[in-house]
Every structure is written in C-alpha cells, then in structure tokens.
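Should a chain be cited, it is by its letter among A, B, C, D and E, assigned in written order, with residues numbered from 1 in that chain.
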Amino acid sequence: MAIPILFVLSVFLGIFAYTTLVERKALGRIQNRFGPNRVGRWGILQPIADGLKLLIKEDIVPRRADQFVHFLAPVIAVIPSILLFSVVPVGTRLVPVDLNIGILFAFAVSTVSVLALFMGGWASRNKFSLLGAMRAVAQVVSYEVPMVLAAVAVVMAVGSLSTLRIARAQSGGILNVTNWFVFRPWGFVGFVLFTIGAMAESARTPFDIPEAESEIIAGYHTEYSGFKFALFQMGEYLASIAMAGITVTMFLGGYNGPGSGPGWVGGLISMFWFFIKLAFMIVLNIWIRGTWPRVRVDQLLGFAWKVLLPMSIANIVAVGMWHYLTFRPLAWVATTLWLVLWFVTLSKLAATENVAPRTYRYAS
Amino acid sequence: MEAIEKIKEVAAQAVPGAKLEIINSTPAAQQPALLVDRDHIYAVAKFLKEDPRFQMDFCSCVTGVDYLQKADNPGFIEVVYHLYSVAQKHGPIILKVRAPRELDQCRVPSLTSLWRGAEFQEREAYDLYGVRFDSHPDLRRILMWDEFTDHPMRKDYVPPADYEWEPTPHHDTLERTVQVGGITPPTAREELEKARKK
Amino acid sequence: MIQPLTEEKQFTRTPGSEGLIETQTLEVSIGPQHPSTHGVFRMDCVLDGETVVALKPVMGYLHRNHEQLAERMAWLGSMPYTDRLDYLNSMSNNWAYALAVEKLAGIKVPEHAEYLRVIMSELTRILNHSCVIGFMLQDLGAWGTPLLYAFRERERILDLFEAVSGSRMMCNYMRFGGVRVDMTSKDLAVAKNIVSRFPRFLDEFEMLLTGNEVLLARMQRIGILPKELAINASISGPMARASGVEYDVRKIDEYGVYGRLDFRVPVGNVGDVYDRYYIRVLEMRESIKILQQALHDIPAGPHVAPEVKLRNFKIPPGDGYGRIEAPKGELGFYLVSDEGGKQPYRYHVRPPSFINLTTLEDMCLGHKVADVVIILGSIDIVLGEVDR
Amino acid sequence: METIFWILSAITVLGALFAIMLRNLVHCVLSLILFFLGIAGHYFLLRADFLGAVQILIYVGAVAVLMLFAIMLTRHVTGDEGPREVLGGKWWAGMGTAIIIAGLLWAIIRKDQLAQILPAGGAQTSMVEIGKAMVTDWVVPFEAMAVLLTAALIGAVVIALEEVIRRR
Amino acid sequence: MGFIGKGLLDGMVVTARNFVGSYFDKERLVTVQYPEERVQTPENSRTFPFLVYDDNKNPVDTMRCVACKICETECPPQCIYIVMDRDEKGKPRQRPKVFDIDTSVCMQCQICVEVCPFDAIKMDNDYEKSRYGRFDELVEHLPDLLKSNEYYGRIKPTEATVVDAKLKAEKEKKAKKAAPAGAKPPTGSKS
C-alpha cells in the first residue's frame, strides 16, 4: 500500500508542476506567443523557478484578516485534492486504495475543497475575496448535483461504486477499446456532463468565476501571496487533474487500451494508456481555456439547474433503458433517440431571445 | 440651415427679452456664435432644441474660456456650447454665455436638463474654470481631486510650488525649486552648485 | 483601493427590501487598480448581492492638464501631445487637431496629403477596433486569445506607421496643411498588403467570436443604451451607431476626401454590448473598403501645403471648432486664437470616450458585476483621453 | 485503533464545544464542520465507509455550506459579533439537560442492544444492506420522507416566488 | 445556423489552427526574441536627438550647431538646454558650450529636427538607452550627443543624402558669393 501512495504523491505532484508549464506553453502557442522559454531549454525548469520564487516571496496577511482561518484555508485547499488521487486506478497493478465506495469517496472529498475557497475568501476581509467566496460556494454546490447524477449512470451500469471495478467493467471488446463507456449513448452524454461538471467544480475556464480576474481581481485568493498562493493554485490544479483522472476512469476506459492486461507488461502498458488519456483531458482543459470566454455567475447556475440537471436525470433513465433492453441494436436506437430528444428540447428551452443571431442595417 | 442672423432673429422672437449678439470666429472658420445673456440662455437653448426648424438635439461640446481683463472689457468667463442636430444632420449652432470672473458671481444656468451630454462637460468646466452651473444635478469636481481648491485652467492660476524636483537642464527651474524649499533630494543642491560654478 | 471596513458605512439596506429577507448592500470600489478598468479609472459601485444598484465613475487619476500645457506653447508644439490623448489612435488625434487649426487659419490641404490622412486614419480605425474587441473579450475572460490575435495584426500596421512616421504609437505625423513625410511607393505596397490580408484575419476573428454561444449569452441584452438617451447624452461614434443613431461625422461633414469615397455606415438596432461589438466588426469591413479605394485613387502631389510655415505660425484672432470621426467617436478641438496668434489662447479637446462615459451608470444598473466590466469595455475608453 | 478513536473523539468533542462557544458565527460553523468530520471519521473507524462518505458529502458538502451561504446572505459577514455568553445565567438549564442526557445514555448502554458491538460487515455489505432495507422494510418511512422533502421544496419555491413577485 | 454549441466548437477550431500554425507559419508567430534577435528598425525610426559634426578628427569645432536656441524654444516639453560658448572677451563663438538633452523629458517628437535651419540636430535610432539612475544619468550632455555625419549617413541613408546635397549646394553658393567679394576662399573643406 505504501508504494502506490508514494507513487501518487510523487508522480502527480510532478504532473502538477509540469501541467502549469504545459498550460503556459500551450496557451502561448494558441495565442501565437512562445510561452516561457527562458529557464532551461524550452523553459523546462520554469516550474522549479516558479516554486522557488513563490517560496521566498514575502507572505502578506492583511491586518484585519482573520489570521487563523486565513492561514488554514490554503492548507485545506490542498488536502482533499491529494486525497482524490487515492481512488484513481492508474494501472491494472497500481491502485493506491481500492475503496468499495470509491466514487462516493471522491465526491465527498472534493466537496471539502469548497470550504477552503470560502475560508480564504471570508478570512481575507476583502470585498472582492468575499464576492469570490460567495461565487465559489454557489457554483460548487450547484455543480455537485448534475455531476453526481452523471456518475450515477455509470454506477448503475457497473453495479458498484468501486473505481477499480468501474475500470474493469470497461475492458474487453475490440482492442480493449470498444467497451469504454464513452462509446455508449448514455456514456457519451455522461462524459460531456461530467466533464462540464468537473470543470466547474475545479473552477476552470469557462467556469472560473470565483477567481474571475477581470471582474473580482483574483476572487478568494486576492489577498494571498507567496507560498499560500501557490498552495491554492496547487490545490486547484491537483483537483482538476484528479477530476480528469476520475473522468478517464469512469468514461474513457480508465487504464484499458490495446495491450493492457493483468501481467507486469500489461500493467505497464495500462499505465501508459492511463497517462495518455489523462494528458488528453488536461490538454482539452487547456484548449478550452484558450478559447472560450467566461460565463456569468447567474448563467452558470441557470445552466446547471436548467440544462445539466434534467439532462443527467434523462441520462439515468437512458441507462435504465440500456439495462433492460438486452437486444443491443434496439437499445442503441432507443437510448440515442431518447437523449437526442431531450437535448433538442432543452436547447429549445434554453435558447431565449438572449442568444440569437442579429441583422444589421446601414445608414441611408 | 439658416444664417446666424436669421437664427438670432427667430430666437429673439421666440424668447422675448433675450439679449442676443453675434460673435464672429476667425475669418476662415466661418463659425459665428450667438452670445446669449445669462438669464435667457436656458430658454434660448430649449427653443433651439425643440423648434422643428432646428432640432438641435446633440450637444456636442461644452467648454469654458477665461478672458482676462483688458482695456475694453472687465474680463469674463465664457461658456461655449456647440450644438448639432442629429435628426436634421445640420449644425453647428454655437451658443456663448458670459459670467463675471469673480468666483462668487461666476454662475450660469446648467443645460444638463436639456442635454445629458452636458453633464460631465459642465462638471469639467466647473472643475477647471470655477463656473457654477445652477441646477446641475451633480456638480462635483471631475478631473481634479475633491480636496483641490483652485481652478487650474484660469489664466491667472499660479501653480503651487510644491512639485518634486525633476532633473531639468533648465537651471532656473531648479533654482526656484530649491528656493521654494520643500523636500529636494541632495542631488538637486549639488546640481545647482555645479550650475552656479559653470 | 478598498476602504477599511467600517460597519456603519459599509452596509446600507437595499432600497425596497422592506419586509423581505434582510439583505445588505455592499459598497465596492472597482479601481483605480483593477485589471479591467483599462487604466486608472474607478467605479464606485453599490452592490446588492452581485447586482449593481448604483455606480459612479470617478476619473482624473491621469489628469495632466493637457489643455493648459497646450496654451503655453506654439501651435505646432501641441501636435506631439495629441498623440498622448488616445494613445492607441495617435494618427486620428493628429488629424483632428490639424483639421481644427486648418479651419481657423483657412489652410487648403493638398489632395495627396488628404489621401494620406485618410489612409492613416482608417488604418488607425481598424487597429483600434480590433484591439478594443480584444480588450472586451479580455474582460469577458477569454484569457487574452482574441486580444493577442488582434495585436498580431496590429503589429503589421504599427510597423507601417514606424516606417512612415518614425514611431509606432506616438506618430506625430500630421502637420498643418498636410503630413510630415510622404509615403514611399514601398510603404504604399505594404499598406496594400495589410489591407488585402486583413479581411482574412477578420473572418478568423469572427469565426472565433461571433457565433460563440457563451459570448452571445454574455453580450446580448446587456447594457442597453436607448437611441434617445444616446443622442441626448452626446454619445458618438460606434457606441451611438450601435444604439441606432445614424450619425457619422465622415458622412455629415465630409471632411478630408470622405465625400468622394464610397462606404456605408452600419447601424445597430438594440444598442447592447453585442451590437457595440458587431458594429465595430462591420466598421472594420467598411474601413477596408475605404482603404482599398484610397490606396487605388491616391493622386500625386505635394504632401504638405508649401505656404504653411513651421516656425512663427500664426492664426488671426477668433475661435473655431474642428471635429473628425475618430475611432472612439467625435473628436473635436475648440481653439481660440488671441492677438499675436502665436499660441492657442484656449485649446479644448472634446474627448469622445470621456463623454461616452456619461451614461455608464444608466447602462450598468440592474446588471451584475461581471457585466459592468464588459459594458465599460464596450464603451472603449482610453484614460489618456478621458483624463487629459 | 484505540488511539485513533480517542483522537477522533477529542476532535469531535472540541468541534462541538467550539461550535457553541465561539463568538464569530462563521467560526462556529467551521467548528461544526470539524465536528461533522470527526463523526465521519468515527464511521470510517467502524468500517461503515458508506455512511462516512455520505456524512461528509451531505453534512460538510451541503448542510454546512448552506449554513455559510445563509450567513453570508443575511448577516454582517465581515464583522465580529459582540461577546456572547455561553449559557448566560441559565446554567441550571444546561445542567439539567446534561443530567437527563447522561441518564438516558446510561440507560441505553445498560439495556439496549444498540450498545452491543456487532461484527462489522464491511462497507460493501453495509451499502447493499442499507439499499435493501430502504426499499423493503423501511419503504414507507423512506417515501414519506421523500414526499415531505418535496413538499418543503415546493413550499420554499412558492415563498420565494411570492417575494419575487412582490419585489416587482 | 446549426446546433447549440457550434460556435464554441468553431472557436476551438480557430485556436487549434493557431496553435499548429504558430509552429510552422512565421506570420502567426510575430514575437521577436529580443536580446538574441533584433528587429531592423526602419530608416525613419526615431528615438532621441543627437548633434551632427562633420570632421571625425575635430568634432567640437566642426559641429553644425551654432547655438541659435531655436530648438530650445520650440521644444514642446522643453528638454533642451543650451548655453552659447564665448571667448575670453565675451564674444559669441557660434557654438554651444552646454547642450543638454534630458532624455527623461524628451518625447521624441522630432520638432527640434524640423525647425533646425542648419541640419545640426537629427534623430537617432538607438533605443537601448536605459540607465540605472533616474536623474542625472538620463541627462545627455554635449559629448554624448555629438555624432558624426557618417553615423548619420549610416542610420538614415536616404535622408542623409538629401541633407548632404543641400548643404553642399549651400556651401557652393556661399563660396560663389564670397569669391567675387574678394574674400579668402574657404579653408578646411568639409566635403
């Protein structure tokens, strides 16, 4: 048990450090810039330089801040994010902890992180921080529900909450690929819903409203500097990586891929596949961050309750249909139709006059 | 649009009692203005805005000008309004109104209730020239800070000598800064010594 | 930035909340140090939750008494200072000032120079509009991607400006009666190249932005400025046209050679942030048309009126007002010349972005904090011009 | 195990005490969260993983956060409350309560089978059994609870709607 | 129109195109890696003024500036300070003793160049003028300002040719005018 845990702590922290670099490089290239390229070749030492810089920066605490809570918040921000990794099966032979309630544990732990955001924002005694904290709380509470419901679909299909069993359920098929849940109608919808929920939960663009820099400066961590700030960033990145890992496990077949298997060789191959998929999810996150503008807080909540929630409930029904219609072609047609119907209806309902193309005239 | 003489005539009919006068621009600019007395500026402006012949619905530019005392006049602050018409696409009609330079008497009626566009510009004129616009909804300083007491665009404004020493090659400025006192970096004195030796 | 929290001052009861759940309003000072106030600008907001219930713009942090400086130096001396008004568009600022002085002094500008001025100011317009859209999207949280695309294209235009006028942003290019340096045939070819490739960039830009659902949801029906208010509040430029005001100084005054050029003036219907965004896109397309014609038609001739002296330039006593359609709106200069006429007796700038701020509160009320920043972004202010 | 139990118990009791004794309301809620987490730890210690996770998910993730949210919406979030006296002059009421609770606990420990230590069945069984129990033996209370909550939800919506309408 | 979400996907196509394009298309990646790479500034590019002299061996005596102070009066931010050189008797020497330009005040507007009747002051294109000091180190004195005509010809060839031709013509005219009057022919030709 110790080795997997050490593995998680070292490898994922390394991934976190280099995700920041990859993100900055990729965003740079998306924006036709170079990105960091001064520290080492291709900026390869940039994360280390950043870490050193943040370590030796002065730690500033506002005079009127709530000292204890202000100190506690960044610590609490990191712990749940690291705990999340404990249930992510990295390879056939490498699961840190195989909890029977894996998915539930993940959700339970990830909700704790919102406390950190709230504590940080509240303790700073800054109005912008406070606004950020309020936004964070509202956002995370709303997005939990559709996210959990999207996960319920998978749990229903597998019949277990254990992440390892979910991953195992997706093996087999052609090249260990066709059984991935994302290649089922309900799985695809679930994947999209869960990805959106995960992005919102970890406050990534376009849902980064708790720290929307153009509106409320830096939201809940406006008054943090130095290593405390780094801890917040770390918690956020680790959470988003862990969420990506859980998404991979639940929908993208986990560690399954061509050549993965129970043996040592198969195990190594399965780890390879897992990290490839994880990288895909991270890159998708970065790509979206480089492209989309941010949504507004009320739109975000409206989207969660009016679109995602009905859709995820419809998805659960779809899984039920899939379960009972054992004649597969019929199940495909029925669930697809059902979900498309819902998608179209919800799009119609969501599209108000606020989102419509316009025509323009020219002055005479 | 009609010539300025016509406008004057029409306005004089519409607003009885208004003292109107034509003031010429530079010969090339061809923008004669209508000088209106303080008591009737609002009525004349309202007339020009509402009369279907003019419809001056766009108050483009509001500003003050400080004319110092001269041989032939006692000096005054002039407020200039440039009016255009968006509806009829003509203009400008330039309205001028004069007020004495003394701060307590320097008052003119505000035209903000006719044109919202005059709001910030009248505030600016108040800030920089000290013109009080009566019945302006929010007459505060806009460019200078609230605690500032003077009106810096007046021609007789003397800037306070509390500015920071700047490395200027003009030694008279340097000398003055040192004389005035305040906080001057030691280099300023050295610089001055050097300049004097030269 | 943020005042110390004092219990009494900070919280006041929301008006009209009697009998409801007791909520308190929060006074937040957005700015002067804030990522999206486009400089040192402050908005005193009173928030009910996230909704704005009152907002007062506070400016003057960049005030340097530009007008008084100008009244202390010769007519020509203010020309480089006009570059610093709206520092994105120094070319059109130059033109406005030159135009006003020419009006006062009765100077006839050679045709070649007029065309050069049109080329430069329309290049400035597309530069400004693309950057403004970028800044606006920055405020929307697009992490600078559209802004950097706009900067990429702006770079080519700035390179041309540097090649012609010697400086990228502080061009100081126009002179009374013409322009300072002529464009060589090489410069004209570069300009043609820029113009021919710009529509491609615009298409890419629009593919990235115009149909984007998040952007539509964020921009449409936000910050509506009705047409009547727009006229009454002296709003000018793209902002007024987005509200449906059919007014463009280029069409009304036909200054320069605009009377001869064929272009249309796009007008919006709703007057919200989205219209202000899209009107700018359409204006860029029209500017491309103007540039194509101007680059094609440009006649040979002197680039500056030979009779205008550089030194000891004098204007007969009197006043006058000259205005142009700058990218941000109607930019005017009201000048008074005194006896002697060697320097302006009065020099007043009619800054479009300053006056366009008049209706900021009207547009923001009832919207969220997140909308305030994009409404401000859609007004397109440059603090160098607002504070002067 | 024993040590962990005592540590968890200490955390739980401290959390509970702070929750009622601290001056600042937000601090109280944060202490309450500590208490919830301590309880969750106890569940985990008893190998009732499911209950522990649900405890965190529901109580920490939802209930406490809602409390914080409510405080933020209605109270002077940034200000300290004035000094609060614990129990005030009514210490005898607290004493009485404590005595009654102690008596009850003693009775339960002595008599009831709840106090008997059952063999822990592990998480899987506990989850499956909870599920089965919910839809067989306890289906009526379960559904009644569901109906009750739905009614409460609708009631809240109606009240909120009224306010919205009145505000317009 | 398509479906909801099409605009979002379109945007992602654009950014992906730019991401890939930035590796292959020089047009898309316009950043210049400054200390290693430098942009060739165009000829018209201007930074701060300098004073032109003609003879490399004797810069002070052959500088074109005659200390007429026109630039000092015309300079909008008044960053130029000139003191005319005088000999022992107090007779003006037609050249500056002190010529200071405060580069922290100078706004690179080129008006001094335009008003100079002697083509004595010209705009440099050296943009690496950062200094450690905020005050004195930013004031450029006469020795720093003097630069040769060759340097001018090197940084602005087109402009310099015109100026040189003009000066030469003026000189010849002067010489012609002087010759009939019986004065000495000019010595120390500058050309």
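To be clear about the criterion, contacts are C-beta pairs under 8 Å (C-beta built on N, C-alpha and C of every residue); 3 or more make two chains touch, one makes a residue touch a chain.
What you see is a predicted model, and the numbers here were worked out from it, not measured in a lab.
Two chain pairs, C-E and A-E, are compared here, and C-E has more C-beta pairs in contact (counted per touch definition above). Among the other chains, the CA centroid farthest from that of chain E is the one of D.
With centres taken as mean CA coordinates, the chain nearest to the overall protein centre is C. Distance between chain centres (mean CA atoms), chain A to chain E: 56 Å.
Averaged Cα coordinates give chain A a centre that lies 59 Å from the centre of chain B.
Each chain gets a centre from the mean of its Cα atoms; for chain B and chain E, those two points are 39 Å apart.
Look at where the CA atoms of chain A average out and do the same for chain D: the two points lie 29 Å apart.
Under the contact definition stated at the top, the residues of chain D that touch 2 or more other chains are 78. With touch defined as above, residues shared between interfaces to two or more other chains in chain C number as follows: 5, 145, 149, 152, 208, 211-216, 246-247. Along chain A, residues 30-33, 125, 130, 290-292, 357 each make contact with two or more other chains. Contact residues on chain C toward chain E in their complex (touch as defined above): 73-74, 76-81, 84, 145, 149, 152, 155, 159, 162-167, 170, 172, 180-181, 204, 207-216, 310-311.
Of all residues in chain C, only 2, 4-5, 26-28, 34-36, 47, 50, 137-145, 148-149, 152, 208, 211-218, 220-221, 241, 246-248, 251, 264-270, 274-275, 278-279, 282, 368-373 touch chain A in the complex they form.
Those residues of chain E whose C-beta lies close enough to touch chain A in the complex are 1, 3-4, 8, 11-12, 14-16, 18-19, 21-23, 28-31, 33.
Residues of chain A that touch chain E in their complex: 26, 29-34, 287-288, 290-292, 347, 350-351, 357. Put simply, chain A touches chain C in their complex at residues 27, 30-33, 64, 125-128, 130-131, 135, 205-206, 208-209, 212-217, 289-299, 353-364.
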